[in-house]
Amino acid sequence: MMISTALVFIMHLGFATVEAGFGQAKNTVNILFKNTLTPIIGLVTFYLIGFSLMYPRTAEPGFFFGFDGFFPQMNEGDQTFAYTSGAYTRWTDFLFQAMFAATAATIVSGAVAERIKLSAYLIFTLIFVGLVYPIVGSWKWGTGWLDALGFYDFAGSTLVHSVGGWGALAGIIVLGPRIGKYVDGKVVDKPGSSVPLAVIGVFLLWLGWFGFNGGSVLSGDPEAVSLVLVTTSLAACTGGLGAMFTALFMFNRLDLGMVLNGILAGLVGITAGADVISPNYALLVGFIAGILVVLSAVALDKFHLDDVVGAVSVHLTCGVWGTLAVGIFGFKAITNDNGEFINAAGNVVSTAAEAANALSFSSQLIGVAACGATAFISAFAIFIVLKYTVGIRVSAEHERQGMDSHEHGIRGYTIIYDE
Amino acid sequence: MMISTALVFIMHLGFATVEAGFGQAKNTVNILFKNTLTPIIGLVTFYLIGFSLMYPRTAEPGFFFGFDGFFPQMNEGDQTFAYTSGAYTRWTDFLFQAMFAATAATIVSGAVAERIKLSAYLIFTLIFVGLVYPIVGSWKWGTGWLDALGFYDFAGSTLVHSVGGWGALAGIIVLGPRIGKYVDGKVVDKPGSSVPLAVIGVFLLWLGWFGFNGGSVLSGDPEAVSLVLVTTSLAACTGGLGAMFTALFMFNRLDLGMVLNGILAGLVGITAGADVISPNYALLVGFIAGILVVLSAVALDKFHLDDVVGAVSVHLTCGVWGTLAVGIFGFKAITNDNGEFINAAGNVVSTAAEAANALSFSSQLIGVAACGATAFISAFAIFIVLKYTVGIRVSAEHERQGMDSHEHGIRGYTIIYDE
Amino acid sequence: MMISTALVFIMHLGFATVEAGFGQAKNTVNILFKNTLTPIIGLVTFYLIGFSLMYPRTAEPGFFFGFDGFFPQMNEGDQTFAYTSGAYTRWTDFLFQAMFAATAATIVSGAVAERIKLSAYLIFTLIFVGLVYPIVGSWKWGTGWLDALGFYDFAGSTLVHSVGGWGALAGIIVLGPRIGKYVDGKVVDKPGSSVPLAVIGVFLLWLGWFGFNGGSVLSGDPEAVSLVLVTTSLAACTGGLGAMFTALFMFNRLDLGMVLNGILAGLVGITAGADVISPNYALLVGFIAGILVVLSAVALDKFHLDDVVGAVSVHLTCGVWGTLAVGIFGFKAITNDNGEFINAAGNVVSTAAEAANALSFSSQLIGVAACGATAFISAFAIFIVLKYTVGIRVSAEHERQGMDSHEHGIRGYTIIYDE
């Protein structure tokens, strides 16, 4: 778990480098500033309030809303020595979940880059990570009503990725596209500053996913974790392949950006069911995610929804797909109170395979809809309020000249040899 | 083991950044495309066929060829719940070995960069990872005939690195050098796009080697693993020093590129015997590897064999050296069936040191030759067939202008501030 | 522990990228050369002599100086099989501590960059890592006199960071500022080559700190380690925030460089007491460190002390602060020989909280002063001797034109598309 926490932490560097790589050089510092502040705000906010909202031990299972009070509550009076024993400590749990929480906000940052006011973004992050994410998350992972319903989301295709993705979609709708992105009905390419940075980011995210999904087993059980790592990796691979072939077919080009987003799409897609989907089906779930991420990106451009890094396509589209895929391909072994395998009829059987039950497609659909509606409406409302108060968009002049020179006073790259 | 798998995974990012750093800016996207696809193809291919070829449980120990059928075969019927119990699960083993397999192909990619057709490279990778690597590997790690012979290769100086290196050598022979690399008998320098990227890559590879060698202990035994990490690190250090001094002596320059390749040389060199060579000898094995990598690079240039990143010198030359070094410096404790230490005479002794036996130089030589011949001839044959079918080299115009603009339509770096 | 070792190793890549990112493009290769050689020299030196100086098992507790002889001494005669059993092996301990040792030298490298002679730096590193660092370190971690005094330094705010920081201060005093850094009493900005590289570095350092602090628990005790990771992370966050607000207030700018150094400041600050300071106080310790790092950087510039990356402010100023903070906020549970908790009166109590005792401010002060004086005077003496023997500063011409073209013959970045 603690190793997984370190791996999930490194995802924040992954997001930072992906976004800096895909963003234009004139906005590099601004993008990095956002991505550096996001885990900071995420961690502190989750410490102050989020954790107690997401895992309220005082609420009855099946609740809609629970809150334990500010700061993570420990068993004993003193923070230094207090802990919950078990397979992992409550502090480990806090840190692992805090890293997840910040992920949801980071997803938004990539979509709204290159024109959002930094202050507006930071306030949004504060509210989104502090309130929206943990309340939605508590419905499932805090043993709330979606959990009682049988909704299944192993490591957050819905709770983390689609929640972030819905926030990103709300953001780009309220913000509008970058100046010069859509001209005369055509999409204008805005080349990113560094493809190597983007590749570094995607590999670090893949690495982080080993922690994201592997750690979500919430134990060191080697059987479960090893299967999860295999399904996760295979889906990443076929996600990349699916996107490569789709882009080759549609654009007649070996599109590295699409392959990279395809890998992420496969990872997001398998996240909901990494432990209940077989490796063969993981290949399929990933491949379809890779196709969807390209189609989704094209569709968004059709509606002039300008998503700088493709965050909505990766995290929302494939987060929804992955969650529904659990209802199609997912099987879960059922055990009784003694830990013995039982089949659907309730009889004790000897192997997990005999005890496997399909997961419910309709529960998955309800979960997707409920979390999606809540996240989207909340994010939309926050952005609208910010728009008419502090403002959410930089001036056209700042946007054209780049945000680095105006808001930060330095350039992302200074590669000069002649003095 | 699972942590090691994550570390070995990150080696693929290491290779990607080393190659992008050492390669010219006009080919950055192409290089990264190859390096992103390599682990993808490697993993999927190893899943479909390679693992069953490399670890055929149905073959008698000492075999030449074995095959379990497509897909990794598990103990039970259903993939989701099936596993092999023991110190690690069969899924962990699969993923760890799949990461290794893809490494062999990645080694080739660095050597043949900047002029190979992407399609030819991808087909080569498919065959090399799917068939050549696992068959050669099965001879030792799958308990085949080299294992029966007493050949020792702890973590793959021969099975992974020299196999990849022979493939790279075959590739650069068939391809020929880049245009303008050798002019009037002189070697023309082609500066890489980013030295920082190359440094990132080498450090990530070193990190990954902790997993590569540490994980090859195949258990969490802290004594064995900690010794392996020490020998690995010390050899990396003296590899860097050996290359630094050699380059300083030969070129009168503090050559960072050579230091970086020297570190990798030391790592490759110690890989075959990281668990049976003492730390003091590890210093020596690494230092010699560092000298050899520089001499080898100079020798290749003499024969107009153009290796963009020095992959042949690092992985082939030092892979061979490391494997033979086991026959010179390697000692291994012998135990009887009860796990007691026994000396060469068969008497029970109390310490591992008394039970230590030298490993055989001639077995090492046979292993090096057999694996080398198989890998080189196979790779040469594949490249020749590709040359006369799909073609293996891009047009001279594409090569001169860079492959990024032609095959991918984007540039690796777009650092512009004036609109 | 072994995983922590891998994480601490990656800190060296973090330092390399931070320094390459903050340094000017014309010196990138030189900076990377130094940072690549530093862990190499550090490891080899620590193997040859440092480890035996730092952990002399033959010296009586409370000693001033002890030495076990060259090479790490193992229990048995043969290195390959010898180890010390317990929670971790002696080889693991060696490697973990060797990574720390090299860290102290790396801190110096960032401050003295862009004008120091490579040879002088390498000789300094050899002596500093081989002699100064282990002797100072032995006073506490080797159970020397500071340990007997009750001085507390969990993971090295003083022993690693401030020791490195004092070395850096000595270096920049003896060297003098870069040409053109202070003109007519004004500070001239020298923009670094790549902000993304610097961000990569800081995130990798943060990641490495999980190992640095987490591994310093010297056991896998999940309660202790998880608390340490939480305090470490929270201090990093508020360090970044403290620096951001201070810089915003003083310079009226969202200064990413300061935020990054603030994160490091928070990490350095919490390092001395990560296991004995509660999460709430960790927030405070980090925040104050973030303020201090900005004030310190401004103060150094006032005295024309030119520190390229802010190493003195981060590691010395905040290392001292963090060590003293232990004497203010630190509480430690006391146990008797049976492992039962006892309170100050010596009575057995049931919880760690009841057994908590404040740590001594005066012991902390003595430790800070003793280690500081020793490190500074030693480093100053080494640099002075080097100045009047091999020389420590490159020629003004080399400095102006950049060290890469003169000492290494290559450029850090070659991003050219038109041939």
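We call the chains A, B and C, going by the order they appear; numbering starts again at 1 in every chain.
What we mean here is this: a residue touches a chain if its C-beta (ideal position, glycine included) is under 8 Å from a C-beta of that chain, and two chains touch if they have at least 3 such contacts.
By chain, with names taken from UniProt: A, B, C = Ammonium transporter.
These numbers come from a predicted model, not from an experiment.
Through what angle, between 0 and 180°, must chain A be rotated so its C-alpha atoms fit those of chain B, rounded to a multiple of 5?
120
Taking all residue numbers at the chain B to chain C contact, is the shared part over half or under half, that is, same or different?
different
Centroid of chain B to centroid of chain C, CA atoms only: how many Å?
It comes to 34 Å between the two C-alpha centres.
Two or more other chains touching the same residue: where does that happen in chain C?
As it turns out, chain C has residues touching two or more other chains at 3, 193-194, 200, 411-413, 415.
Which bits of chain C are touching chain B when the two form their complex?
For this pair, the touching residues of chain C are 2-3, 5-6, 9-10, 12-13, 16-17, 20-21, 28-29, 32-33, 35-37, 39-40, 43-44, 47, 71-72, 76-83, 85, 88-89, 91-92, 94-95, 98, 118, 193-194, 197, 200, 407-417, 419.
Spell out the residues on chain A that touch chain B in their complex, using ranges where they run on.
3, 7, 24-26, 191-196, 199-200, 202-204, 206-207, 210-211, 214, 222-223, 225-227, 229-230, 233-234, 236-238, 240-241, 244, 253-257, 259-260, 263, 276-280, 283, 331, 333, 351-353, 356, 400-402, 411-413, 415
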